[in-house]
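Pasting the structures in now, so scroll down.
Each of the next two complexes has subunit A plus one more chain, namely subunit B in the first and subunit C in the second.
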Partner chain A sequence: MKERIGVYICHCGGNISDYVDVEEIGKMLKTDDGVVISKDVMFACADSNQKDMISDIKEYKLDAIVVASCSPKLHLHTFKNVAERAGLNPTNYVQVNIREQCSWPHSDKPREASVKAAGLIRAGIKRVAYSESLDNIEINVKKAVLVVGAGVSGMKAAIDLARLGNEVYLIETDYFVGGHITQTENLFTTGQNGKEIVSRLYAEIKSYNNITLFTGTSVEKVSGSLGNFAIDIRIKPRYINGKADLQAVQNAMNDCTVLVNDDFNFGFTKRKAIYKNYPEALPDVTVVNAEALKNEKEFLAKHASCLDLTQQDEILSLTAGSVLVTTGFDSYQPKEGEYGYKTFSNVVTLPELNRLIELNPDKLIFNNKPVKKIAFIYCVGNRQTKGENKYCSRQCCSSAINSSLQLADKYKGINAYHLFRDIRTYGKQELMYEKSSKQGDIYIRFDEKEPPVVEQNEKTLNIKVKDYLTSKKELEIEADLVVLVTGMVAREDSKQISEKFKIPIGTDKFFNEIHPKLKPVETVIKGVYIGGSCQGPKNISESVQSSLSAASKINALLKGGTVSLDPVIARVNNDACVWCGKCAEVCEYTAIKEIESGDKHIAAVNKAICTGCGICAPVCPTNAIEIAQFTDNEIESMIDGFMEKIDLKVREKESESTEEVSGVKMKEYPQLWKNILETMNGNKLTIPEISEKLEVDKDIITYHVMTMHKYNVVVTEGMDKKELYYYYKLKN
Partner chain B sequence: MEKEVFSPKILVFSTDKISDPGIDQAGLRKIHYSPSVYTISLPCSSSIKPKWIMHAFEKGFDGVFIAADGHECSYSPKCAEYTNNIILDAQLLMKEKNISPKRIRMAAICSVCAEPFSNHMDNFGKILSELGKIDEDKQIAE
Partner chain C sequence: MAKVNPEFATEIKKYGAHDFNACFNCGNCTATCSLSDNNSSFPRKLVRYSVLGLESEIEASIDPWLCYYCGECSTTCPREASPGELMMSLRRWLTAKYDWTGLSGLMYKYLPFTIFAFLATALAVILFAFSKSFEVDTIMHFGHQFEMWAIIIVFTAILIPNLARMWWFVILKPKIKVKFLTYVKGMQELFTHMFTQKRTLGCDDSQSRWLIHLIIVLGYLSLLFTTVVLDWFGTNSLFIILLGYAESIVLFTLTFIFVRGRIKKNKELNKFSQPSDWLFVIWLFLMAFSAFLVRIFIDLDFIETNLWLYLFHLTVLVQWAVLIVPFGKWTHFLYRSFAMYFEKIKQPA
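And then the complex of A and B:
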C-alpha cells in the first residue's frame, strides 16, 4: 500500500474550475487515507507546476501521485515523465479525467459535477494506493528481419534494412521477384518500365551480403515472438539441377517443344514448359513446369544432366527479431458475365490491356483484328455500395488514363471512351487527366444504379450507357475492345498469412494496422509490421513510403539489441491456478502455455507476446490470472471511491472563487503569468509588445492573457476584452 | 417533505482505445449526460470480471453499462462474444442476489460515438429510474 500520496487538481485555466470547485475538493481530500499533500493548480501541465511536482515528490518523499486534469490521452506521458524525473516509478501515478468526463459534460450542473469530480479523484487515490512499482520488460532481440513478399515495397524495405546493418531474409512466393509492376511497361507518373525498376532494385539487393533472397518460397510455420520469431519456410523446387551448366539449361530450353499458357501474359500467349516470366526476369534462373513435362520421357532423358523432376519441397528454419509483411494485392477478377467478361472475347481487364500494349509494339491487334475503338469502364469490382468491396482503389483511375495516353502515343488513330463514375486522379496525376481530355479522349459519366450494358454486335461490341451529365440520355458506343478498370482486392492467400502471423484482417479483407494515422505500419502483434498494398489500396510510391516507414520502425526496434516492453500484462497466481486451459483457449496470441510447476500443471504467460488485453482474466474459474494495474484491488477500490460519501461545501456562485484567486495565490500561477505581470509592471502594454519583450509567441501570450483576464489577474485598463478578443480572433 | 429526485448511479466500463475516447468526445462537445455516471477504463471490454460488476451493485451502483469495442476491438475478433459471456455470467450471479438482469447493459461505443453514448446514458437512466434504487432489489432478496 502506498502511504505518501500527492494529489494535484488542475483548474485548466477555468476549463475545469469554472464548473468544479477544485479548491474545496483539494482541501477535502487532504484528510483521505495516505494523502500527504493535496493541492489545486492553475495548469498541471505547465513547466512550473511540473518542477513543483518534482520538488514535492522529493521533499515529501511521495511514493505515489494522482493528477486530476484532462483525459489521459493528452498528458499521460507528460506526468509519467514527471514521475520518472523525480525518481518515482511511472506505474505509481494515476491520471484522473475530470475535464472530458466531468467538468465539460456536466457544465450544466456545476454542483453535481463537483461531487462527481471528488468521487473520481478519491477513486484515483484509492487506486494509486494499491499501485505497484512495475519495471519495463527487457527482451533481447535478434538483429534479423524476415520480409515477406519481394514486390517493389518488400525489395525497397529489404535494401534499407540491410543498409542499416540488419540481417534480412527476403522471401517471394513466385519464382521471380518484382510482383505486379513487372507486367507494366509504362508506370504513371514517371513513364518508367516496371521491369527496369525491378532490375535496378535486384542489382542493389545483390550488392548486400546481408540479404538472403528465397524465391518460390512461402511461410510454412511461425512460432516465437518479438525478438526471436522462429519461422519455417517452404521452398518449392525449380527442377533444375543446381550443378547444371548454364549452357546445358539454355539448350534444354531451346529444345523444349511443350507449350503451356503463359500466365504472365494472362494466357494471351503460350510459353515453353522451361521458362522465365520474361527474358530479363530475376533471379536469372529458369524454372521447369514439372507437371507439363512429366510424360516427356525422351526429352527428360536427353537433358538429364540439368533437369531433375525428382526434386522435393525443402523446409528451412529461420530466426528473425521482427517480421515485415509486404505481400501486396490481387487485381479484382471480374465474375463471368460481369460487363461481358469471359462471355465476349473482346472484354479484358486493365492489367490485361497493359500486357497487350507491351506485346504489340506497332499495331494493337487483338483476336487477329486491329483495335481502333476502346471503351474503358471504371470502378469494376470497387465502390460497390451493395457489393463486397465498398472501398475505392484510388490508383485505378490514374492507371487507366495512363494506359489511354500510352495507347495514343504508341499507336495511331485510337479512339478512347472512358465510362466513369468519378475521376480520382489526385495530386500530380490530375495533369494526366487534363492531357487525356485535351488529346480527345471522351469521358462519359454514369450512375452506379444504371451501369453500362455491354452487348455483342456482329463485328464489334456495343455499349449502352446513360450519360449522367446530359440528363441520362442513352448513348450507344461501338468498341473493338472493352477494358474493365479493375481495382485492388486483398490477396487470395491473405487469410493464411494472417493466420500464421496473427495479423488482424479488416472488413475490406486487407491487413489492419493499429491506427491508420498514429500507428500506420504497426500491427497489434509486437514485432510484426505491415507495408505496401497488403494493408489497403495504394499506388507504387505510397506502397514504398509505407514499407520504408515500417523498415525504419523495425530498425529502431532492433537497433539496441534489446527492447523494453510495457509491464501492463497478464500474470498468474501459481497457487490458485489449477490449469484448466480456459485462459489459453481465449488468448488470440497464444501467449499462455501450460507448464509444470512442482507437482502440478499451471499456466505461464510469455511476456514478449502478451498484449495485456485481459481477455484471459474473466474466464478463469479460480480467479488466478490478472492484468497488472487492473487487479481486483485496484478496480474494486475505485468503485469504493466513487461511492464513498462526499462531504463537500461546494461554492454556490462562480464569482466568489474568481475574486479569491486574484493576486492571493500567485505562487500557484504558471511561470509565464508571473513573467507577463513583471513585464507589464502596471503599465499599458499590448499583446505584441509583451510577446516581443518576453520572446514568446503571440498566440500563447493571447491565450494566457485571456485566461488571466478571466481571473482578474490582469487589470482591464488598456486591455479591454474587445482588444484581447480582437487579437484572438485575428489569429484564429 | 420535498421528494428527492432519484438520479440512478451508473458505472460504465469503457475501453482505453475505443469507447473511452468516444466518451471523452461527449465531454469535448459539451454533450450533457447524467453526472451520476462514473467511468472506469480498461484495455478491452472482454477483460471485465463479473466479480467487479457484483462489487459495484454491492456498493450501491444502480446499473452497470459496458461500453464495448464490438467488432472494432483490435485484440480479438471474438470480443463481442466474450463480453456477452461475461454479462451472462454476471446475470447468473445477479439472479442469486435477486438483482434485476435489466440493471446491466452493453452497447458498442465507437471512438467518435459521443451522441450515442449520451443517448444510451439517458435511456439506461430511465430504465433504472423505473426499476428504482438498487436497495429495493436487495430488500426483496432479504
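And then the complex of A and C:
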C-alpha cells in the first residue's frame, strides 16, 4: 500500500479547466486516504511543473503519483520519466485522462464532466495505492540468427548480420541458393543477370566463417522464445556420397541418360536426373533425383562409389536468439483456361517468358515456330476486385516492360502489345515505360469488367479486346505468343511457416508486420522478424531494403547480449495453481507451459514470450494467475474509487453561461457566430454583406452561416434577386 | 472489329511522322486545338488510330484535312509525341492513298525517286529544245500550248479520278447515305473554302499566316490565268503586262517569306520540313521569279540571246505541272476544300 501519494490535476491551459472544475476537484481530493498533496497546475507537462513535481516527491517523500491530464498516449512516458528522475519507480505512476474523456466530449455538460473527472482521478489514486515497484525483465540472448530463405533478401541480411558479429544460420529449401532471381537474365533497372548477383552474394557468404548455409533444408520445429529459440531443421539428402571425388560425380552426371522435366525452365527443356539448376548454380554440388533413378539398378551399381540412394533426411537442432523470415513469394499460377493458359500452347506466364528469353540466344522460337508478335496481358491474378488477390504486385508492370525492351534489344522485328489496366512503373522505372512506348510498343487499356479474350486461330493466337482509349473500340490482335503478366502470391507453404513461428497471416496470405509504417519488419512474436516479399509484393530493391532493415533491428536487439522487456506480464501464484491447463489453452503466444514444482504441476509463464495481453487471467478457476499492474487489488480498488460519492461544489457561473437560442443548446457559440449575430442585429443580410461588414473571408462566412442555418440559429428570408444570394436573419 | 497493325507505324514514319508512339492519350492536344469539335475530334483520336494502325478508320477520316497545323498540339504535348506533325504526315499518306497512280506515295517516301523524276523532266525539256534546234519562238509557242494541255490532262487523268477515290473512301465505302440535293447544296461550302481557306481563321495563331496564304493562292491563280489565258509572254497590252508583273512580284516575295520561315524554323509547323514541303514553296518561288525575269527579258529584247532563261522557266513550269501539281503538295488545295465539302454533306441535315 502506498500511503504518500501526490496528485496533480492539469488545466491544460483551459482545454480542461474551461469545463472541468479542476480547482474544486483538487481541494476535494486533499482529504482522500493516502493523499499527501493535491494541486491543480496550468500545464502539468511544462518543464517548470516537472521540476516542481520532482522537488515535491523528494520533499514530501512521495511513494506514488497520479497526474490527471491528457491521454497516456501523449504524456505517459513524460511523467514516468519525471518519477524516475525523482528516484521513484515508474510503475508507481498512474495517468488519468480527463481531457479526451471528460472536458472535450462533455463540454456541453460541465457539471457532469467535473463529477466524472473527479471519479476517474479518485479511481487512479486508489489504483496507485496498490501499485508495486516493478523492474524491467532482463533476458539473456544468444547472438545467433536463423535466416529462413536464401533468396536475395535472405542472403543480403545474412551477410550484414554476420559482418556485425552474429552467428548466422541461413537455410534454403531448394538445393541451390538465389531463389527467383536466378531465373531472369535481365533484371530491371540495372540490366544485370540474376545469376551474377547470386554468385557475388554467395562468394561474400563464403568469406564469412560465422555463416552456416544449409540447402535442401526446411524448418521442422520451433520452440523457445526471444533470445533462445530452439529450432529443428530438416535437411534433405542430395544422394551424393560426401566422400566421393568430384570427377566421379562428374562422370556419373555425364553417364546419366535418364531425363526429367527441367523445373527450373518450367518444363520447356529436359534435364538429367543428376543435375544442377544451371551450370553455375551454387553451392557447386550436384543433386540426384532419386525418384527418377531408383529403378536404374545397373547405372547405380556402376556409380555406387558416388551415388547413395539410401541417404535419409537429417534433423539438426540449432539455437538462435532471433529469427529472420525471408521466404519470399510464389508467382501466381494461372488457372487452366485463364486467358487460354494451358488450353493453348502459346500462352505462357511472364516468368516463363523470361526463361524462354534466356534459352533463346539469337532467335525467339517457341514450339518450333518463330515468335514475332507478343501480346502481354497485365494484372493476371492480381487486382481482382472480386477475386482472391485484391492487391497490386508492384513489380509486374516494370518487369513486363523490361522484358519487352529486352525482346526488342535481343531479337529483330518483335512487335509487342501491352494489354494493361493501369501502368504502374513508379519512380525511376517510368523511364522504361517511356522507352518502350517510344520504341513502338502498342499499349491498349482494358477494364477488369471486359477482359481480353484469347482465341486460337489457324496459325496464331487471336486476342479480342475493347480499347478504353478509343471509346471501347473492339480490336483484334494477332499474336504468336501471349504472355500473362502474373503477380506475386504468398508462398504455398507460408501457412506452415506461419504456424511454426506463430507469425500472423493477413487476408492476402502474406505475413503481417505489426505496423506497416512504424514497425514494418517486426512481427507480434518478439524476436521474429520478416523481410522481403514474404510480407507482400516487393521488387528486389524493396525486398533487400526491408530485409536489411530487419537485420539492423535484429542486431540492435542482440548486440548487448541481454534484452530488457516491459514488466507488465502474467504471474502465477504457485500455491493457488492446480494446473488445469486452461490458461495455456487460451494463450495465443504459447507463453504458458506446465512445469513441476515440488510435488505438484503448475503453470509457468515464459517472461520472454508473454505480452501481458491478460487473456489467461479471467479463465483461471482458482484465480492463480494475474497480470502485473493489473492485479485484482488494483482493478477492484479503481472500481470502488469510482463508485464513491463525489461531493463537489461546482462553479455556478458555468451553467448560467449556457446560451439557449432557439433549439440549439450550447455553452458558448464560437466568437465568429457571436460576431455574425451581432452584425445581423435583427436585420436580414446576405453572406457577402456579412463578409464585408466583418471583414472576414467570404468562404469562411459561408461555411459558418450554413452551419448556423443547419442548427436553426439563423433562417433564410427571401433572396437578393439581383445578386442571387439568400438573406439570412436570426431565428425568432 | 478492327485489326491492330503495328506495321502502319513504320509506314507512316516514312511520311514524316515521328515519336507519336509515345502518346499516352491524355488528350491535351485535342483540348488545346481550336478547330477540334464534337463532330470531328482530333488529333488525339487519329494519334490513337495511328498507334494501333487502324488503316481503314484513317483512310475514311477527313479529319487530317480539317487541321491547319498551327502546332499548338505539338508544343503542349507532355510526351513530345508531335501530334501536329502526325496530322501533316497523315495528309501526305492520304494524298498517296487517293492517288491511283501510286506515284504520289513513291515521291513522298523515296527522295531518290523524286530527284530522279525532276532530273528526268529537266532532261526532257532540254531534249525537246534540242529537237527544235533551240528556236526561241517555237519553244515559247510550245510552252504556252503546254500550259493549257497540262492543266486539262492533269485534271482529267489524275486529279478528278483521285477526288473520286477520296469520295469513295470517305463517303461510299463507309456507306454514308447522302441525298443528291445535299451534294448540290454543299457546293457553296466547297468554293468558299477553296478560294478563302476561311477555316484557318479558326486557328489560334497569328492571322497573318492566313492572309499571306490567301494572297499567295489568289496571286498564283491569277498569274496562272494571266499567262495561260491572257498570254502574258505574248501580249502587247500594257495592262496585262503590268498585271503580270504585279502578280509575279507579289507571288515570289511572299513565297520567299515562306521559304525563309522553313529555313529559320520559326514556327512549330516549320520545324520538320519534308522534301515535298521544300519543293512546293521553292518551285512556286522559282516559277514566279523566272516568269518575272522572262517578261523583263522580253521587254528588253534580251530573250532571243538568252534562251537559257526561258528554258529554265519552262523546266520549272513542267516539273511543277507534271510532278508537284498531280502528285505533290499542290493537291492539298483540292483535298482540303473537298474535305470541308464532304464534312458538310456528311452531317445529317
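We adopt the following convention: the second predicted complex is superposed on the first by the 648 of 732 C-alpha atoms of A that agree within 3 Å, B and C clash if a C-alpha of one lies under 4 Å from a C-alpha of the other, contacts with A are read in each partner's own complex, and residues count from 1 in each chain.
To be clear about the criterion, a contact is a pair of C-beta atoms (placed from the backbone, for glycine too) under 8 Å apart; a residue touches a chain by one contact, two chains touch by 3 or more.
Note that this is a predicted model, so its numbers are computed, not measured.
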item	value
Partners on subunit A (subunit B, subunit C) - clash or fit	fit
Contacts of A:G427 with subunit B and subunit C, given as first, second, both or neither	neither
Which of subunit B and subunit C A:D632 touches, first, second, both or neither	first
Touched partner set for A:G560, first subunit B, second subunit C, both or neither	neither
Contact breadth on subunit A, by residue count: subunit C or subunit B	B
First, second, both or neither for A:G165, with subunit B first and subunit C second	neither
Touched partner set for A:G191, first subunit B, second subunit C, both or neither	neither
Partner chain(s) touched by A:G267 [first = subunit B, second = subunit C, both, neither]	neither
Partner chain(s) touched by A:G387 [first = subunit B, second = subunit C, both, neither]	neither
Gap in Å between nearest CA atoms once subunit C and subunit B share a frame through chain A	37
Touching both subunit B and subunit C, residues of subunit A	none
Footprint of subunit A on subunit B - complex, ascending	9, 11, 20-21, 23-28, 30-33, 35-36, 38-44, 46-52, 55-56, 59-61, 71, 74-79, 82, 85-86, 89, 118
Residue numbers on subunit A that touch subunit B, as the complex places them	71-73, 97, 99-109, 112-113, 115-116, 119-120, 123, 504, 507, 512, 514, 524, 568, 586, 588, 611-615, 617-619, 623, 627, 630, 632, 635-636, 638-640, 642-643
Contacting residues of subunit A [partner subunit C, same complex]	373, 415, 417, 434, 437-445, 464, 467, 469-470, 473-478
Contact footprint of subunit A on subunit C as seen in their complex	1-4, 6, 9-10, 19, 21-25, 45, 48-49, 51-52, 54, 79
